[in-house]
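Letters A, B, C, D, E and F name the chains as they come in the text, with residue numbers starting at 1 for each one.
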Amino acid sequence: MSAEFLVFLVVALISVASALGLLLSKNAIYAAMFLILNMVSLAVIYLLLNAPFIAAVQVAVYAGAIMVLFVFVIMLLGAEKLNAPETRPGLKWQQPLALALGVALAFQALYVVFARGITAPANVIEAGPLAIGRLLFTTYLFPFEVASILLLAAMVGAVVLTKKDN
Amino acid sequence: MGLKNFFEQASKLPVGFATVLRELGKKPVTVQYPEETRPMSARFRGRHELKRYENGLEKCIGCALCAAACPADAIYVEAAENTNEVRYSPGERYSKTYEINMMRCIFCGYCEDACPTNAIVLEAREFPSGYTREGMIYTKEMLIESPPINIAATPQRTEPGAYDRPILPFPPIDTSK
Amino acid sequence: MAILLLPILIPLIAAAINAVFGPKLGERTSGWLATLACMASFACSVVLFAQVAGQSEGGMNTNLFPWVWVENLHVSFGLLVDRLSAALMLIITGVGALIHLYSIGYMHGDSRFSRYFVYLNLFVAFMLVLVMGNNYLMMFVGWEGVGLCSYLLIGFWYEKAKNTDAARKAFVLNRIGDVGFIVGLLLMFSVFQSLNFSDVLGVGETGFKIGAAQLPFVGLITLLLLVGATGKSAQIPLLVWLPDAMSGPTPASALIHAATMVTAGIYMIVRSHVLFDAAPSSANVVALVGACTALLAGSIALRQYDIKKVLAYSTVSQLGFMVAAAGLGAYTASIFHLMTHAFFKALLFLAAGSVIHGMEHYAHNMAASHDEKHIDPQDMRNMGGLARKMPLTALTFLAGALSLAGLPPFSGFWSKDEIILAALERNPVVFALLAVTAVITAFYTGRQLMLVFWGTARTRDARNAQESGPLMTLPLLLLAILALFGGLLNFPGGLWLEHWLEPVLGAEPAAGFNVAIAILFSTLTIVALLVAFGLYRYGGRETQVKAQTGLKGALNRGWYLDDIYRAIFVIPFYALASFLARVFDLGGIDGVVNGIGRLVNTVALGARRYQSGFVRMYGLVMLFGVVAMLTWFMLSAR
Amino acid sequence: MAIVQAPIPIYEDERNTVTAQDAQLDITFDQLKKLVSPRALTGETMLLNMGPQHPSTHGVLRLLLELDGETVINCVPDIGYLHTGIEKTAEGKPYMKSIPLTDRTDYLAPMSNNLAYCGAVEKLVGVDVPIRAQYLRVILAELTRMNSHLVWLGTHALDIGAMSVFLYCMREREMILDVYENVSGARMMSSYFRIGGLWRDVPSSFEPQVRKILEVFPKRVLEYEKLLKENPIWRERTVGIGKIDAVRALEFGMTGPSLRGSGVNYDVRKAAPYSSYDHFNFEVPLGTNGDVYDRYRCRLDEFPQSLKIIEQALNKLPAGPVITDDRKIAPPPKHEIATSMESLIHHFKLWTEGFRTPEGEVYFAVESGKGEYGVFLSSNGTPTPRRVHFRTPSFSNLQALAYMSKGCMLADLVAIIGSIDIVLGDVDR
Amino acid sequence: MTDIQPVILLSALLFTIGVVGVISRRNALIIFMCVELMLNSSNLALVAFARQWGNLDGQLFVFFVMAVAAAEVAVGLALMVAIFRTKHSTNVDELSQLKG
Amino acid sequence: MSLLLDVVLKVVVVLFAVLTGFAYLTLLERKFISRLQARIGPNRAGPAGLLQPLAEALKLILKESFVPSRADKFMFFLAPILSVIPALMLFAVIPFGNNDVLQLASHVPVGVLLVASIIGTAVYGIAIAGWSSNNKYASLGGLRAAAQVISYELAFGLAMIAVVLMSSSASLADIVTAQFGGGILGWFIFRQPLAASIFAITAMAELARAPFDLVEAEQELTAGYMTEYGGMKFALFYMSEYIKMIALSGLFVTFFLGGWNGPFAQEFWPLSLLYFFIKVLACLLVMVWVRATLPRLRYDKLMAFGWKGLLPLALANVVVTAALIVSGLPGYK
């Protein structure tokens, strides 16, 4: 067991635990905190997978921007504890069923992962900002531009949605 | 925000920065209080002090005019008769009890103004403070100045008739203060 | 080759500026901006003309950028300036500039002053696109563009229902023609696999080659093109819109409905002369249509009282001349007449506008008391003796009228003479029709002159009429000079125009000059004029408004064409429409739609129980599906 | 009232007043409804208690704010946290004994308050004040104006975040306090003015001390201007903020620089000159927009004018007595007591009973640093007044706060409070 | 890390947890976060496969997923705010006006 | 294991240095701002007040730990920690001098990105503190902080992008080397003046220091997000602010003032450390100077300034810089 794998194991445990925390937490702020922890742990795994750029972007974008937005909205709305008791008696079986199906899905995934052998990986390649940038502005130029338009549209949409009509 | 406007506004900032920086070259105005004190005016209204004549007798005659003048009703005076054996002040009466409630006192100086014998003066350079309410009621013992050197403290035993009428000259009025 | 774009771009930009800032610019700036733009366009045209003149043939042909590029349909945004289009460009921009100038005076005080100039500039631009396009699609764009401008200008004073009706009529009738045109274009594309002039007409390259199999199609194409031309150039049967179109501002009538746009059909026929040459029967149809139109419209003009209506019908009639000439293969004559007609008819319209303007002077400025009835300033019966009040207008009108009538030194004489000569040589029927029309033309021209300018003023407004300002008279004078000397363009001695157009139209049998015919028609014209002069010296008997009956009434109502169309097309159409709406729509279509709706409703009523509105329920079902699918995959992969 | 937690349940039963565990609430729910918008009651907007212990309410002012985000929808000033009962106390005291009380209304401008009160009593009894005393009163009142403005500027700038200005202002204020101490023996609660004149004549060191101020101040004022006047942030925070037009300002009874910032040329010194203000030449700076910036400008422009008045008064200062020789009003000099029985009687009578005044009512106003400081006295002929009322500028000016702050941002509110220059002692009395 | 199998496993686990969260929670904000978790888990898989095949395309894909996630969050949270303004709740069960 | 030891040793040394630096930075600020304001500043604890930080630390540690009754306890404790950790993490990528020992992780190729992500996460401490206190002033402060930090992050990042463009590397060590040529004019502050000023302004906004200290503007929000904090937890917030001050000064020095470079710094490493120290000190003093001079911005103006002023400017700067680099202007290639 290499040191790297050891690190992975620890981080993976953290990430699973934090995901479970997200799933089970009553309070939206706690949920957000767990999710942040999860994202940071994933960033560490990205580092282990030779993707430092993605790791940094993961923290910057997810933890630094998206989750800040979440926390901001939760605080703004004061919606963190609005977890009303189950009001629909007819849906009592819903959560256990969801869990059961989830477990089924997980087992299916396990099966798929272990049933098919995965061949030895190719050589490590340089995944620095330069390489990513080069690819982004050549092969993936069009998707890149589309992504920017998407973000613009989202921005406009968000502004319009939250604008108070006077 | 127009770009031109932006730079125009930004150009107004350095004046303020220079103004603040200029203070570096000046001496700070802070007074390091317990070690150094700033000079106080001669008229400074400090803590009250009950004065004595040079022969050690108290100037206060217990007339309670100070108490009457006090806007804050902070002074309590109780007068008593002098006798030749037990003499505190020249004249007939002296203040048996003289108390100032320092928590009420507003240091306006009216008592000083009202005092016909200049017995009470606000000039002690110390500032009343205390931990208890009782402690803030200054009694006569705390207020009266100590007798001149080699002079006995009051009460004195005096020659009979020496002070039936005030024989000492009226205390000079210090208006320069 | 940007200079090719300039004549189009300049008025377009001016139009844009006027459209956006017009109301803020004020009349003076706005009007002069438009006028100067048109003049600049004219200057560009002159430059282009000079360049074309330097070339022996072919002209300048550029594809600026690919425009419609689908499968094997390759149409570029291409411009072609050859001798034909260069000549027409000069007419459009030159006459256009003069009319712009005139309009500044004419439209003074109108509340939509700048908008008028927007339309006018836009029109010039589109007209240039029409004549400069190097393919039929470009031509069609210009074609539709000028149609739009025409519509907008006819309905310019849209407060009056009459005007909007006229605009709509023009629009609809033009569309009918356009359908023909479009179908013709589609057919053309399917036959020739191209819409470019160079491919279809083989201009300047390989010459015209049409296989025998294609010939019948060519006949069809030309007929369809003729349908388009009848729409735009107001030929039988689509001629009724043009007289109504006179409800627009007079300068616009002069420019669009006399000088330029209505000649688009002629341009189109002439441009496609190769096709018409290849389909002689179609050409004959064209000639006949033209000649019939000429006679029909000419006869109607005899009994019109509206000063502009007379001119409008005369325009239709003259267009008939041109179409007939084109049908006869006398393309040069056709173009020649187009040009001279542009000069003198524009002149006539502008002068008529000046007359109307003068007539309105009283009502606008001097109306003492408002209870006085307003009289129609366009009705010739209300005029009379205006020559003394407005001498300059009268003089220029006279020049135009004589030109129209075809009196020898005037330009109209020469062009008409060429056409009649060609008809005489090639088609006697056409010749007969045209000859009668020529005499009629002279007659109604004379009638108009007398009614408007001779005699004594019959109304208060006429008595108080005043000469228009220099902004309006200057263009009149210039046009009068052109009307006078326009004939020199293809003066029998020089045949300058013919030589000029030779590279485009090919060598035609030289139009000779038959002195006898010339003298004959000159005499006929003079006689007709004199008769008219005599009949209407004192205003004639027609000065009183009374019911018109018999032939007179028929003529006055334009041979009841409108009524016939109403009876044949409009009323049945309405009937059909209401039938469809009541029976077919409600019963058939709505029934099907409602039935489907009811079906869906029924199904949905059953299904709605599963729509609990709980997102997580939906999610659960989705997950169930995913798990089930994965299971199936796993099992089947085994 | 404690923080009202939103959303507030709307009681529909007989419990119309919020009591029980909300015992801290001391206004009824219905009263609250009238104060704030309905949106606050559903919790859509936030109710925020600013004060009474808050750094920028300049004392113990409490503001009940209704905030939509950071926008102030309603601002309800709640006063009385510093109520000292000065007016009532003054009713039970002989006239001269109330002078020290007036120090404590607007405690940043004691001399102005003294002047107003003494002036009122002098008007009531009709006593003439020696001209030297009048001039000295003017000098001290103008110093007081500068003192008041310095504290205002310092705290106002600090509210908006300009930290250094505060310390510079306090530094300069020391010079004025030194003058106070020099003449009266106290740095703040001077009680220097007496009915009919002054306590004592100024010491000889007074004139050089004031001359020094005249010399130093223009430079110092320039320093503040450099830090603030053209500073874009300062201008952004003040220009156009808290606007009030002249009519509205007058309706609210605003006075002083807060009113003049709106362009109303009303200054008691010019409108009803007192204490020989008409002997001096000065101008009254006016604003135009009635915003925070204009009020700031008005006050800063008053510095040079005050200095101008002081200089004139100092140059023209006549010799002579500083208090009236009417022994019925002012106690005799002490040295007379020993020699004159009459003086002794006057002395005792004045200090015990005070003096009697004619029956009647007077109103006497001065232009203090914050505005019109007026004293209303009603006398029934006894040695104590029947009614004393102080018309204090802070109180009237504070009324306009709710109007000016409607729709502004929270940060603007702070600037507006600063710009009307209130002192809670002055408001509550 | 040369062996990506455990990474894929982790990814699958996280995805499952996210799915369960999405369908079992009622707080719309938490549902939203669970969606983010699912996106993250797929990102993880993408990076792992990029490592496996030795090219950067997978990482690029992650980049785009992030962009989409950002857009989605912006709009989604804006919706949430708008809904909260009218309903004072983020409980998805109460958002059932479209039910049949 | 020697590697681990190396790392641990480095971390401990840097941590110690930073904590000391923080402590004395508070003293420095108070002393300097006092002098700018005609005062003396703390001078009682120890000679010339040198023990003042110690005294304050002692006082804060000994204070009663206090949690508001309706606060969220766990988050209330977590918030100060969350705000200190990112501040400390920033030091990992800053090259302190020309010596391997002095460069912790400054060679990582995504250094600039790392800075951006760490700065981005720094907001949680403040936001959580504001939320968990259950106090309206605190939550207003927290909201302000979240919005402010997000808004200024963009311009901050773009300013860094300009530097990255100039040095064509995102590693901080490379950025320092890119400023070697041309003496003092090689510093990016001269080649990228706009980016430098934007960086300086946004850095102050990220720090929530005057004139951008709306987050804790005591005149408006009493103390903003830390209204309810006292004792050691307050000290941690205080610490995070000052540590971030040092860190961002270090970044500014690295990005724009030539890093540790200076005369003979490349030959003799202690000099480089000294240069770095002096430059950071200068930056810190400027920050204090700014605080002494400028009034505070209003919240909406701050937002407008960030979005409508700095962001477009920073974008334009990036574009212009890219164009200059492509054009190969001397000093930009």
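We adopt the following convention: a contact is a pair of C-beta atoms (placed from the backbone, for glycine too) under 8 Å apart; a residue touches a chain by one contact, two chains touch by 3 or more.
Predicted, not measured: the structure shown is a model, and the values here were computed from it.
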item	value
Least hop count linking chain A to chain B through chains in contact	2
Set of chains adjacent to chain A and to chain E	C
Remotest chain, chain A as reference, centres from CA atoms	B
Most heavily contacting chain pair (counted by C-beta pairs in contact)	A-E
Central subunit by CA centre of mass proxy	F
Per Cα centroids, the chain farthest from chain C	B
Euclidean distance of C-alpha centroids - chain D vs chain E, Å	62
Centre distance in Å when chain B and chain D are each reduced to the mean of their C-alpha atoms	28
Chain centre separation (chain C, chain D; CA means) in Å	85
Whole-Å separation of chain centres (CA-atom averages), chain C against chain F	75
Residues within chain F bordering two or more other chains	36-39, 292-294
Per-residue overlap in chain A, given as positions that touch at least 2 other chains	53, 57-58, 65, 69, 74, 76, 88, 91, 94, 98, 101-102, 105, 112
For chain D, residues contacting two or more additional chains	164, 171, 227-228, 231
Contact footprint of chain E on chain A as seen in their complex	4-5, 8, 12, 15-16, 19-20, 22-23, 25, 28, 31-32, 35, 38-39, 42, 45-46, 48-51, 53-54, 57-58, 61-62, 65-66, 69-70, 73-74, 76-77, 79, 82-84, 87-88, 91, 94-95, 98-99, 101-103, 105-106, 109-110, 112-114, 118-125, 127, 131-132, 135-136, 139-140, 143-144, 147-148, 150-151, 153-155, 157-159, 161-162
Contact set on chain E toward chain A in their complex	1-10, 12-21, 23-27, 29-30, 32-34, 36-37, 40, 43-44, 47-48, 50-57, 59-60, 62-64, 66-75, 77-82, 84, 89-91, 93
Contact footprint of chain E on chain C as seen in their complex	604, 607-616, 619-620, 623
Residue numbers on chain A that touch chain F, as the complex places them	27, 29-30, 33, 36, 52-53, 55-60, 63-65, 68-69, 71-72, 74-76, 80, 128-130
Interface residues, chain B side, partner chain F - complex	1, 6, 13, 16-17, 19-21, 23-24, 26, 28-30, 32
